[in-house]
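Some structures to go through are shown next.
Both complexes below contain chain A, partnered by chain B and then by chain C.
== the complex of A and B ==
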């Protein structure tokens, strides 16, 4: 093959859909279906008790068994998955939107605004995120409000920083300058030139932030400062069922497996390197 | 060097400021009259409570404008006057001194254990990319990073304490009690540090100076010891600064799970009991511990690679 032929051969493009991404997306899809459709299809109330069915093993009347109060594990897991997904999505959306907008603004305008935002993020990053959330939780233990606020407050910084650095790099390039000189408006440049460049890294960040939120919410609920027991929260469920490990080991493990699969799916779906 | 220390000192100041202000707001945001609450805590809720509350109000300056009060309370923090626990009545500094030992033992042994596990595995994986060590450690790292620390801790309890009976599931005192909680944290830390070490070693292996070292006939152990280790150590150590966050957050969770009487355990229980002085003291101690670890990492990095950084 001569050099002329070689140049005609298209460069082998790295396929975006690597096997690990495909597996992660499939896993996330299944879990999302379970979280969305589960509570609709399983018409049982996740708090309905049936003491005759206490700690029923999986199979029989209850597909995944029943917990110590005889509540359907399937219903509780479905509601728990919905809760985890929902709260994590809400938190990440609240963190990502201001983070990205402020990052773009700081990269575009710079100056005093950028300095002020740097200071705010330095103040918030001085403490590990979980400590900030814990102090906020002291205001109202057992509620979602401080949990949500604290997580969003720690998570927006990463969106802001990455957006600012990446956008500032793009804005310096000659094609952006040319576009501006041709008279295109700011909105057009941000939408068509900057956003496509930062989108891939933002998706990775969002997935990372979601797993952080899922882990934090379940962990704090498990150490009984997050959401409280009657709520079908996955972390709280594990701790609630732990005393019955000898009788029903599978029941204790099921919510744990669900959290594991959620985070695993998020991790696999955004793995960037091929190896 | 001086800039590194200065930056961390600034961070320590910010920790004190953030925790101090949040806890100041917290006291004022809780329902009821703070003077009344403190009086009830000190003298018991008896008939003279209103007078006692007035006395406390004057003594602590709770009738002053809020900004003056904030200044006073931050001044107290600067003098390390942390007040008394509302629950036990003991001075916070005394409680912290007892708890600090447990926390330092746990975080120290977790860090050492993670450094014994992670980087050596990463070295083996990086020297033979695509080999079985590389693949197995990649799979292990993904699985471990998908497990929240409390689930990982529970699994270790179930396997090592319940099934095999090797270690006690909870408690504090001997090294056997410390084994499972330290392992929980160390596995989570090693999952990341092994991958960082692997990438760093793989990058060093591709460099021309390593090819030259091999070509001039150095035996492989010497190549690894002289050329790979220190160069690959830089990213691993600097990544430890990020891992300090995981360590501190993990210590809070793991202490609570395994019932270790450390600062994290006390913080969680103070949050539940709304013992604000205790929340403030423990959060401060954990935050400052985080800064100290990060500063130590900075200095080690500077020692490994003294070239000045461009920031």
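== the complex of A and C ==
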């Protein structure tokens, strides 16, 4: 309920850094350090095989053990994290930028342009995302390019649609009309009035898109249409190790735990305050 | 109908509200009895809404109430939060401001009243239906039970909200600005309904800034200023012979008691339109309408809600295109010298931006110096500390004066004031119009005001355009 005596109520400036955000950011920081510095610090080649050490449990010579080919799990996880997280980040950035710009454009200009963009996004949305990636992958199997392009092509639609709808809502408000009457131009209005209002929802959306991208990359590798072995990719690692689950369950779980921690970190860091 | 548990009186004594070390409201004391409602008058920021929330037990976090609030013998402040919660709706109900926003837009009003009987009182489906019908018939909505809130007028929504409180069985009704945003006819119907609440034996506390509402409700009137109750007494006495200075100022600020502005003869026309017509869907708002606003004159458009008053102003500003007719704005005058004031002051400001940021950007865009803005702020009685607040942290009166300041910086020749003071208390309303009238006189501003307050238009305007419904 609104309080009419607005000026009397002390302004409670909520700290931006809530406990859940702090935990999420700390988790993301640790994972980023692991992905960035891990490959530099672990001097072992992630593809170097040592059959004598096949399925070594964590501890001994290998800090996190070794897989069925005797490759260092630590090295493979570090390289895998770098690859998966880096690719997800790149994919989301590529999807978000055109998605947000086109969304703003459609909300601002409306008319034929908006209808054309709606048509394109509806057609792309009608195709299952993974199918689109598979079609593109058919041109150059096992490479990064089509995987990245296909994911970005499915993910931009969410950014476009959310931006268009929320920006259109903001643009209808009287303060935008007032600002225009005061002589401000489109650029100022989009930058200073629209973006600050849609930023929180876009950040949440970006976190979800990151999670989707990571899981999609891992899933595609897991069904052997994504990146090819011996590339250390988290999803591919799970599939490769799955037959040895009975002997080394921890090895199978490790890449999964890494993905889980990243998605958890993203969700915590972008969680909005409950009012 | 379930007869509510009757209470005889509500006694507030020594009520104070504080936040940390700062006292916001102090020493408020009044008694409200059956057949003798209390109306609290005062500017926004005087603490009158906080008193209502203290009684309800719903003060915002960080605020603490002390003193005593007794409903018959029970001290409301001394009970636990669970007891307080249990009272909400069942014993004490707040009628929401702008009920069309508080009702569920996706649900017919029959459902919204019926669910109270069904789930709060645990009645059977058929019995709940009967009770619902009785409740809605009682407030005069018996034939509109299947309507959605958007199909009802503001006054009908207010009555539907009252039916919900009847269903819950509340016997103490707190009406917080019940007539905000309603035109004169609807306002009278809501006041009439509140009077009936009193006649039925419910206790009524009304918070308003509309002196006419206070006069029509009768009973006792309290005037609040800066968190203190400076005047309290029987309505007739307070309105006729206010003792406190502020109470006198407040009552003198009723538009019916203003002095007419003496304006020099008007100059050339700045905005004019001939043969305007506009339809929204099937409805024709107006057809063949002529209007002209000249420099140095005040033109008022009056009429009930939804008759197209605002649309005319927007057409003159070029924000809306008419279906037919031609609009002429004075040539050789820059578009930015045609400005508008909005009904709801916070809606005209970017919610995330501190006022300093918005004002600074405006000055930079038009190459104006800070000193000019600062000088105007001084003249309009706006403190520098306001600049670092966001729009929702500034009172409506201050923000509307800030909006005028912003518009006047651009040296406008035409200003469209769209219900610019309908949400302000009478004292703020008087201040706002004093500034506007001065601008009309000194700068030759052409002022087009849209209002539903006929008294205000008759007092100020050089010419009045009356729109039928």
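Operating definition for what follows: the second predicted complex is superposed on the first by the 249 of 275 C-alpha atoms of A that agree within 3 Å, B and C clash if a C-alpha of one lies under 4 Å from a C-alpha of the other, contacts with A are read in each partner's own complex, and residues count from 1 in each chain.
Here, a residue touches a chain if its C-beta (ideal position, glycine included) is under 8 Å from a C-beta of that chain, and two chains touch if they have at least 3 such contacts.
In this text the structure is predicted, and so the values were computed from the model without any measurement.
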{"item": "Touched partner set for A:197, first chain B, second chain C, both or neither", "value": "second"}
{"item": "Chain B versus chain C as contact partner of A:47, first or second or both or neither", "value": "neither"}
{"item": "Touched partner set for A:94, first chain B, second chain C, both or neither", "value": "neither"}
{"item": "Chain B versus chain C as contact partner of A:18, first or second or both or neither", "value": "neither"}
{"item": "Partner chain(s) touched by A:225 [first = chain B, second = chain C, both, neither]", "value": "first"}
{"item": "Residues of chain B that touch chain A when the two form their complex", "value": "11, 14-15, 17-19, 22-23, 26, 29-30, 129-130, 134, 138, 142-143, 145-151, 154-155, 158, 162, 244-245, 248-249, 252-253, 256-257, 267-268, 270-272, 274, 276, 279, 283, 286-287, 290-291"}
{"item": "In the complex with chain C, residue positions of chain A that touch it", "value": "1-12, 173-175, 177-179, 181-184, 188, 192-193, 196-197"}
{"item": "In the complex with chain A, residue positions of chain C that touch it", "value": "19-20, 22, 24-25, 44-50, 53, 58, 60-63, 94, 96-97, 176-177, 207, 227, 317, 319, 335-336, 338-340, 342, 344, 347-353, 361-362, 365-366, 389, 392-395, 398, 403, 406-407, 410"}
{"item": "Touching residues on chain A, where the partner in the complex is chain B", "value": "122-124, 126-132, 134-139, 141, 211, 215, 218-219, 222-225, 235, 238, 242, 245, 249, 252, 256, 259-261, 263-264, 267-268, 275"}
